[in-house]
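Order of writing sets the chain letters: A, B, C, D and E. Residues in each chain are counted from 1.
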Amino acid sequence: MVIPNEIGKKIAVPPATPIFIGKKKVDETVVRAITYNAENVEVLEVKPEELPVHSKGIIWLDIIGLHGVEVVKKIGEAYSIHPLVIEDVLNTSQRVKLEDYEDYVFVVIKVFTFDNGLEVDQLSLILKEDVLITFRERDYDFIDAVLKRVIAGGRGGADYLMYTILDAVVDSYFKILLEFSESIDGLEDEIFSRFTMETSGKLHELKRELNRFKMAIYPVRDVLSFLARYDHKLVDADNRIYFRDVHDHAIRIIETSEYLRDLAMSLRELYLSNLSNRLNEIMKLLTIISTIFIPITFITGVYGMNFRYMPELEWKYGYYAVLTVMSVVALMMLIYFKKKGWV
Amino acid sequence: MVIPNEIGKKIAVPPATPIFIGKKKVDETVVRAITYNAENVEVLEVKPEELPVHSKGIIWLDIIGLHGVEVVKKIGEAYSIHPLVIEDVLNTSQRVKLEDYEDYVFVVIKVFTFDNGLEVDQLSLILKEDVLITFRERDYDFIDAVLKRVIAGGRGGADYLMYTILDAVVDSYFKILLEFSESIDGLEDEIFSRFTMETSGKLHELKRELNRFKMAIYPVRDVLSFLARYDHKLVDADNRIYFRDVHDHAIRIIETSEYLRDLAMSLRELYLSNLSNRLNEIMKLLTIISTIFIPITFITGVYGMNFRYMPELEWKYGYYAVLTVMSVVALMMLIYFKKKGWV
Amino acid sequence: MVIPNEIGKKIAVPPATPIFIGKKKVDETVVRAITYNAENVEVLEVKPEELPVHSKGIIWLDIIGLHGVEVVKKIGEAYSIHPLVIEDVLNTSQRVKLEDYEDYVFVVIKVFTFDNGLEVDQLSLILKEDVLITFRERDYDFIDAVLKRVIAGGRGGADYLMYTILDAVVDSYFKILLEFSESIDGLEDEIFSRFTMETSGKLHELKRELNRFKMAIYPVRDVLSFLARYDHKLVDADNRIYFRDVHDHAIRIIETSEYLRDLAMSLRELYLSNLSNRLNEIMKLLTIISTIFIPITFITGVYGMNFRYMPELEWKYGYYAVLTVMSVVALMMLIYFKKKGWV
Amino acid sequence: MVIPNEIGKKIAVPPATPIFIGKKKVDETVVRAITYNAENVEVLEVKPEELPVHSKGIIWLDIIGLHGVEVVKKIGEAYSIHPLVIEDVLNTSQRVKLEDYEDYVFVVIKVFTFDNGLEVDQLSLILKEDVLITFRERDYDFIDAVLKRVIAGGRGGADYLMYTILDAVVDSYFKILLEFSESIDGLEDEIFSRFTMETSGKLHELKRELNRFKMAIYPVRDVLSFLARYDHKLVDADNRIYFRDVHDHAIRIIETSEYLRDLAMSLRELYLSNLSNRLNEIMKLLTIISTIFIPITFITGVYGMNFRYMPELEWKYGYYAVLTVMSVVALMMLIYFKKKGWV
Amino acid sequence: MVIPNEIGKKIAVPPATPIFIGKKKVDETVVRAITYNAENVEVLEVKPEELPVHSKGIIWLDIIGLHGVEVVKKIGEAYSIHPLVIEDVLNTSQRVKLEDYEDYVFVVIKVFTFDNGLEVDQLSLILKEDVLITFRERDYDFIDAVLKRVIAGGRGGADYLMYTILDAVVDSYFKILLEFSESIDGLEDEIFSRFTMETSGKLHELKRELNRFKMAIYPVRDVLSFLARYDHKLVDADNRIYFRDVHDHAIRIIETSEYLRDLAMSLRELYLSNLSNRLNEIMKLLTIISTIFIPITFITGVYGMNFRYMPELEWKYGYYAVLTVMSVVALMMLIYFKKKGWV
């Protein structure tokens, strides 16, 4: 299916109804609360009833597994998030976007993994004053790395925390680009040597994946540009430079993916012209064989006729003469093809 | 016909003349008046003479069947709508658009259904202070659902009512996208396995429908962006967030349809290269058969000649020798093709 | 000729020299003066010497036939029109455009007719305070209709008169769209059934005409957008809504023509893939015939050889045995092709 | 060479070094000084030492032949032109552009001639208060015409003089468009009737020339738009309308060249589909001949076999029977092809 | 590899970590300090500990070899450069860009060399008050030329120095364009005469390189436009005209590379149509040979049959009659092909 079937669930349902749309990717929904200030860090697994709403430092609420609709709803209520936002968090076929509400910013971004085939998850972030909430479909190494750095002491405000996560996500895109780049290299080799009908299918597949990837990364630029450019009360002026840096990475990814798309297009053309070349080769062989043998076969036909009066048949060296004529004809043909550069 | 023939009716007619352009899709024009406030709801089928112009709450006037030109005209007069607007309401080949008049907003939007082939209806909405008028060509489930919710108590202003209807229309587009997506999946399978000349026609049909769909959904974005962004006296500031949400859905639909169009284009390329591949296969077979048999048939021709002096013919094992030679030639050809990877 | 040869006449001539560039489409240049106010209408055919410059109502000066260079020049002088404008009026290869002079507005627009092949005329309008001058190459039904409505009493200012004419021109484009749409339908049928080399030429012709049409209608949007949006002293604020309506029609025409262009492009692709399909069919037939007969013809060749010692030739049922073997080979080939789905 | 080799001369040279880059197109560099006011005109050939810097009227300095680097440098000094401008004047591979310096305007434009193949020269203009300097690579008719008009009395300021020259250049582009249009007409005829491998090369050549032309005319629009729109002290407000007129011509040229490019593209497609059509024709002929003769040749093979017991061979009318059978087979094949519309 | 593998190193590393990403292109990292004012110049090779931070004139710090991470870090600290900037300096897969920090401007640009294949290096420049720092991967002739000019007395501020370097880089792009242009000329010749399967690969390679080049030069325009247009305290108003000049060169390079890309595209089409043409030639030959010999071979077959009663066989001149018939048939076929223009 090119678009997820689950999207149908939302049709004819009242607006702002929280429904989980997507695949269950972890067993259970886990809510991890990290509270920290310059001195202390505390990492706890919490229940939806005991959410830490106020703290003397920064609260990072990390939700893993979005099929727990009730949990997500409770979090929405606890932090007074608009029901439309909660609906979007649960709908994993959401677009990448940033929505600026009065006292929080809502960001949706995609995470790609390349297990077998390109897989895509949705990561939502809500940035409030001193609070960052992250909703994600499964565990990622790079978020663990962020957590480790926080524990190790690399602390900043909620906005800086958001930056490090977005930076990690965008950096993970480079890995996807590398995968695409390898696929293209492989296809290029294939097309230059031993391409088959399947090569065409692989090219189609590649373009499809590149298109899906593109759809997810283009809006990332706008999200980051908003955070880097506009004077938002939730983003410290000194941190804007960091968002500008990620923004720059995003543009680099977009440009490279554009370059890869151009390459894929050029590969398709290469494939088509090599197909034509191969057809030419096949037809050349057929034509050479036919052009050499059809005329001399005709000669054998002539002397296979049963006319009573055919003087050549009586000649002592008639047979050898004909063999010689046939060799000469065949040779002339070969010389002709040699000249044309066909053999 | 790629564009409706009825469009010709409008040529050489004075401007602002109300003429119904389109197909009659219901038997009779029905005018349904829903009046409600926080406490009460009343649903009535009314005649054009007894339109509820003033009420203590919200009036939703729902007209089903646009061939009733007189009815529509009377409604236009009763609510002082500009004749140009009434002309547009009746012309179902109208573009999707929003027009901002001084004390009302006029919106035209398209509804798609997929019975057999893509069908498109026109839905016009006029939003006035505490009044919403909807003109449509036939009955839809999703508008009934809206009505049920209003009766059940989910009430708001006329602007919120308009939002719920637009939201339902845009959500219904996802269903169309799913249909397209299924067609593409089917065509993809076909092209990979047993495509015929008809596959090409189906691809053409698909692109045509996607283009028609695109033409109707692109301007929806602008309509909703207007309602979400501009500070309009008819749209409550608190409700603007809802229009922003539908706007977001519209963009998602546009992006997905763009993605589907790219896929359709890539399918066409896949089809063409598979056609070429198949031609190569056909020509390979012909070439193999010809290249093996033409030379050995020539040999049989040689020994079919009737020369009196052909020593080989007299040899005892001449026949077997020639059979052997022919087998060797055929085998060598086969080995050659094996090496080339053709057999 | 893809661009009119007469364009060469303008090269190396001083700027603002009035030269008629185009084809003579009516016998004589006629100047029709319609003067009217709320009560009276007067329609006169006038000579260039007796132009009605001042009147108590609205003056509509309608010039038919642009080869009367002297007449046009005199009108320019009488109403103090800039010589560059007069030059443009006479040059029928002008672009569609609006030029805003201090006390008049100059509009150039194209009128299409579809007699045999697409023909294009130029219509220029000059709107002054209470005066409208229209220059056109021949008579049109839709302008007669406007005149009839004026006589019948449907009067307004010069700006409203200009609107009705522009509205009529834009509505006439729908007819052209219908013609294109029919051509496309015809070509589609042709491509699906019995296309020939000429089909390709027709497609080329269609694209060419669509391009010419596009070139003329795209700038219409900007012309009308100017009249609808900007606060111009010559356009009454209440009439701006009418220009907005024509503007809307123009956009619809552009969108539809864009859709038709996409269809034409898709038809070209369909044509190419059907050509390939047909080649495949031809080659399949050749391959089937060859593959069945070449091997069994070889067998007949073997038993046509004249070796003295060929035991099979002496067998009683040798002939029938060989016939049987040949039938089996042919049958096996047929089964093979059946399996491949070729027969 | 697709780009001029001489461009290499500029690499690794200090900035603003005056070097002549281009081909010498006249024998000697000539400096013509035309000084005029409302009453008098004086045309002199001057030496670089005696340049007329001040005058009681307008000075037009016309330099023909850019290889005289020293002359150009001296003019630059005499009229205090920035060294970067002089560098650009001498580099004939310059882009078309307008540069606004404090007290002069520098314009670079291209002149095309169509002797055999498209040739391009560079024309630079510097407009100062009451002074116009034109640098050009060779003599042109249209500049002579301007000079004649100045002598004849058609005088204006330096800005008006500049306008008449730019107008003449832009008008000369129409001639180039006519040449392109004729090439396209010729190619269209060729493709419809007797195209060869060379046709493809001609199409490539045409596209290349159209691209070169496009590169030179697109920026002309911006140059003229600057002169027409911005309130520049060197351009009289009353003359701005003239620049607007040339601007309009430039847009017409761009639109027409765009249309020609579309045509050229469509011609390429036409060519490819006609190539395919021709291949189909060739293959049809081969298939018809093969399909008719291969089966009946097989029959002759059967009765050419030397089996002792072949009853048919002994029949009295066996030979005639077989001839009849073969005729029937051939006829049936012909009928089959007739039905398919191949013959 | 289409994108450098080393990019993977940055994934899962804390932001702003200085890591060298790229290939080591010189043996050792060298830091060259050029200090100068109107009277004196001093060129020294310095150690990272003894960087000249303050001077009575201009300091140009030139770092060659970016693998010396520690050296670069120390320079960053000495001139208080933001760690993100240092990170970017070391990452040679950076995009071309300009970043405006409060008291310095950071520019990344690419240098291309064409040894065998297109190679690309990264050049970073930091412009501070009276200081210019250049980080580069290896030695270039054109920077040596700049240094020589500085020593010879062509001195200006740090901004003018930056201009001369950027100007030299942009001028070096013209050389690359010349290389591309030569490749295209070569390919054009190849396609017109003796193209092979490899030609297709070369075309693919060319497009790939042109795309890489394009990716690096497009943003150069924006970088230079920033320096030319905005009123930056670090760029002297009088020098802005120089940046405008380089900006102009950059646009020329972009336009030319765009033109080359169009040519490359047109070459691909030419190649494909020549492939088709060649196939047509091959098939024509096959068809001619087959169409001439298949019918006359059939005739020999007829008279090779062994029927007892075949009157023609007994005729005295039967053999000659048949030879004549066959010659006539062959001749007629030849005349037919002559008429069709095939031979």
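In the analysis below, a residue touches a chain if its C-beta (ideal position, glycine included) is under 8 Å from a C-beta of that chain, and two chains touch if they have at least 3 such contacts.
For reference, the UniProt names are A, B, C, D, E = Magnesium transport protein CorA.
All of these numbers come straight from a predicted model, not from anything done at the bench.
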Original post:
Which chains lie in contact with each of chain C and chain D?
Top reply: none
**OP:** Note down the smallest number of touching-chain steps it takes to go from chain D to chain E.
**Re:** 1
**OP:** Mind checking chain A against chain B and telling me if their interface is mostly the same residue numbers on each side, over half, or mostly different?
**Re:** different
Subject >> Rotation angle superposing chain B onto its copy chain D by C-alpha atoms, nearest 5 degrees >> reply: 145
Subject >> Euclidean distance of C-alpha centroids - chain C vs chain E, Å >> reply: 41
Original post:
So, what's the distance in Å between the C-alpha centres of chain C and chain B?
Top reply: 26
Original post:
Touching two or more other chains, which residues of chain A qualify?
Top reply: 272, 276, 279, 283, 286, 290, 294, 297, 301, 304-306, 310
Subject >> Neighbour-by-neighbour ring order, given that chain A leads and chain E comes next >> reply: A, E, D, C, B
**OP:** Within their complex, state which residues of chain B touch chain A.
**Re:** 141-142, 145, 149, 154, 163-164, 167-168, 171-172, 174-175, 177-178, 181-182, 184-185, 192, 241-242, 244-245, 248, 251-252, 255-256, 259-260, 262-263, 266-267, 269-270, 272-274, 276-277, 279-280, 283-284, 286-287, 290-291, 294-295, 297-298, 301-302, 304-310, 341
Subject >> Residue numbers on chain D that touch chain E, as the complex places them >> reply: 1-3, 5, 7-8, 10-15, 82, 84, 93-95, 97, 99, 194, 197, 200-201, 203-204, 207-208, 211-212, 215, 268, 271-272, 275-276, 278-279, 282-283, 285-286, 289-290, 293-294, 296-297, 300-301, 303-306, 310, 312-319, 322-323
